[in-house]
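Each of the next two complexes has chain A plus one other chain: chain B in the first, chain C in the second.
For the complex of A and B:
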């Protein structure tokens, strides 16, 4: 009896979540799909785009991809060394390591608008205009806590025996990084998927820093459009057609996240076959 | 202690002198051991504390060169800890304090200028639980040679093949060298780890129950391998099976509660143990 009640409760919880998520997707598809067209994903906005005329969202699609690829690359090139340092080079109960973990936990919870404001301040301080570079930088700040904390969790769970095995063969501490990375590769991919999800969908962090433009930037110092801002601006338009395009943009965004997640899972599976 | 050691080194050719020197030191267990050659590993008054617990208590021991030394003793007596001290693996874990000396070829491994990688390369340690690296069977064996600079593909293949043949695994895996090592059975993993250790051509092999997961036939094969390896290597094996020690040991060290109770030639320990505890253990009164 008890067993059955718990099972029913768990089922109910699952259903509520799945159904509401499904409804969001349905709403996005229902309004977005009619507004979708080949132009939407292949053209940049034309002159009358914002009153519902010709053009597409290519500027925002490319912009978002630029930002997310740039910030993941930049983020990883900081996060990996930090995680490896606190796990391999600091003693197990090191204060510094504990402090680092705690600070990234806190940073994790800070709303993205604060990162946006911080990025903006930094930008002004450095004398930069809103640009692709400033956007990448801000989104990097936003996702580094996610990258570090989720990679840290998997690196911490690397079996000590495995490291000992490599060390016994005469490997130096930097030489055991390779087997460790192989072991945690699936975890790194999960971390990347999570960060892509947060980074690509976030409007507040790019609002002041990346700017918005109808063209595709050709250098890091030019402003760049992003999908979340495309959604934001078009949703606030009084014209229904434009609003529908916001849903189309949301659909594209969802689709990109979906594709990246699937690719991530594919590689994650591929890499985890050697995992011990 | 240190002056004594120096004298041992200096008068190595003179057994009587060595005998006298050894007599002088209280903690010398192997008093009547006069080795044909210099000991490969000399442990002097070794005390190890793990998280403030006194694990190894004043252990002094000479591991002879080119022979099989078996370390026996009940579970938890510190055998693994002793082996890990030899290649300085303990330092990686929390809160270790080590006193005393471990000399390998006369060099204190805890000395200042000692490169820990060189010590580890000299010793192949096979851990109690086999632990493959997260890579293919081939890459596991090739890992050591690769980090020590062997890049040539043909040469790597040669090494991998030879070592896998030596441990009797080649026939079983030659078709799937690219398969993940984790898919091997535990017994196969144990042999893989042995092959991996041998591939860096160590001088000393430290085996922590290297045959615990093997069936009698595979065990015999590995024992044969150890017997043939002792022509070139010094071998230290921790074993729980006294029969295995009887079969292959040249020397036996009996440990109990972190202390080295008795050390001597296998014949001596098995036929005429001096210490009551050793007699009880050999006789099977406790295990």
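For the complex of A and C:
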């Protein structure tokens, strides 16, 4: 009897979780769709945009892409060597490797507002103003832990025999980097997709550092608009037309994130197929 | 001759690569320390002026008069995260038990991707959902039963949004813990004649308790630092909330909301950086503790 009650409760809890996901998506789509138009994704804000006149969100879309592309590139160039080092050079039970894993697990939990504040102090220290560069830097801090932890998961699963075979044939450790990277490429892509999702949706980190602008930046030192901030700022406007744009931006962002999550799923499935 | 030179080249290349990778790894480890130090360095001016305790327990927040009391914000954070955990813990626990002990594989195949999607939705979209659905629901449907008036921008709205946001993290760690339990334990209990439910209650839950606690701390620290979504629905009034229908002003929201004017008022930036430092230290400690517990569990069960 007790079991039956609890089982019903469990199913209800699972239902609530699933339904709340649908509720979120339905709410965003229902409010965002009427506000969508071709102008939204193809135009930058025109004059009087913020009192409800014409224009679109192209500045924020492109800005978000710039930030994400920049920080993924920067992030990968840090995280790949680190992951390869702790997996190729260090013995399996190495203290350093375990400590590195732990510390990135912990860094993963640090909220983006702290990274934002840190990025801001760094910016002040270096004498920078809020800019595309500062935004990229801060988002890189945010995504490096994700990149490292998820790439590490796949590199760890590369069969040790494979490395041993290459080493016994006389290859140096740095020479087996290439074949290993080829082996884990789909895993790296999944990791990238994950971090793009996190990077593109995060507002608190770019709030301090990237600034906001109506135009598309042409250099690293110019401020840049981002989608999450476009939502955040325009939602606080009292004018309904401007609020509409926030909902349209929310729809665009949700769409991007959903596509990314589907793509990630597809790639990780492909990867697990290859593995067996 | 050529061969020797080629081999030397390979050796040098190996050496250079190896050491530069080691260098990067060590640098990356000092990263947390650098964040801590630079935030501390920025908050020294205000700590010189007032003691940490008087800042933490001070109730008035008037930057223009130089009064920086964090108490309302700390209470706001505690209210919102506490209620968020209260809402999502039972949901996640029940659902995680169901998914790992009862559910048919096809149900997992449907639910897991959805939890993934939920995890991927950006905070600001949760905030939008909060404004569109949760806030009006509270102000028009729920609050009138309890209080005279509430705008809906309240502790409860923040807590509901946060609760949904931490579900993916909590549920996936819970399921990992249940899956890490050795199957032999369950079988032993079942073979002694215990029912499935008795096994769950007396064996699975008891055995995985430390892990579950660690997972809750992990989720708690995630909730602690969540900024934008909470900021959008909490109302942001710097007073200690008295009920769940009162507005609250959590610490992260304080930082995010005031970055604009902080450079123009003396000590303001220092006060905000101090709150970032507080968040950083608390969350770092929470995370480190729970990760260590989780690692130990993984090791113990792997035997």
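One rule holds in what follows: the second predicted complex is superposed on the first by the 239 of 276 C-alpha atoms of A that agree within 3 Å, B and C clash if a C-alpha of one lies under 4 Å from a C-alpha of the other, contacts with A are read in each partner's own complex, and residues count from 1 in each chain.
Simple rule for what comes next: a contact is a pair of C-beta atoms (placed from the backbone, for glycine too) under 8 Å apart; a residue touches a chain by one contact, two chains touch by 3 or more.
Bear in mind the structure is a predicted one, so any value in this text is a computation, not a measurement.
Measured by the number of chain A residues touched, the leading partner among chain B and chain C is C. When the two complexes are overlaid on their common chain A, residue A:66 makes contact with neither chain B nor chain C.
Shared-chain residue A:212: touches no atom of chain B or chain C.
When the shared chain is aligned, chain B comes close enough to touch A:92, but chain C does not.
Look at A:182: by the touch rule set out above, it reaches chain B but stays clear of chain C. In the superposed model, A:165 lies in contact with chain B only, and not with chain C. Look at A:133: by the touch rule set out above, it reaches neither chain B nor chain C. Overlap of the chain B and chain C interfaces on chain A comprises residues 172, 175.
Note for the complex: chain A touches chain C at residues 2-3, 6-7, 9-14, 16-18, 20-21, 23-24, 27-28, 31, 78, 81-82, 84-86, 89, 96, 98-100, 102-118, 120-122, 125, 141, 144, 172-175, 177, 197-198, 200-204, 207-208, 228, 231-232, 235, 246-247, 250, 253-254, 257-258, 260-261, 265. Chain contact summary for the complex, chain B toward chain A: residues 87, 89, 92-94, 117-118, 120-121, 123-125, 127, 129, 131-136, 143-144, 147-148, 180-182, 193, 196-197, 200. Taken together, the chain C residues at the contact with chain A in this complex read 10-11, 13-14, 17-18, 20-22, 24-25, 28-29, 31-32, 35, 38-39, 41-42, 90-92, 94-95, 97-99, 102-103, 107, 110-111, 113-118, 120-129, 131-133, 164, 167, 171, 195-197, 218, 221-222, 224-228, 232, 252, 255-256, 259, 272-273, 276, 279-280, 283-284, 286-288, 291-292, 295. Residues 91-93, 159-172, 175, 179, 182-183, 273-276 of chain A are the ones that touch chain B when the two sit in their complex.
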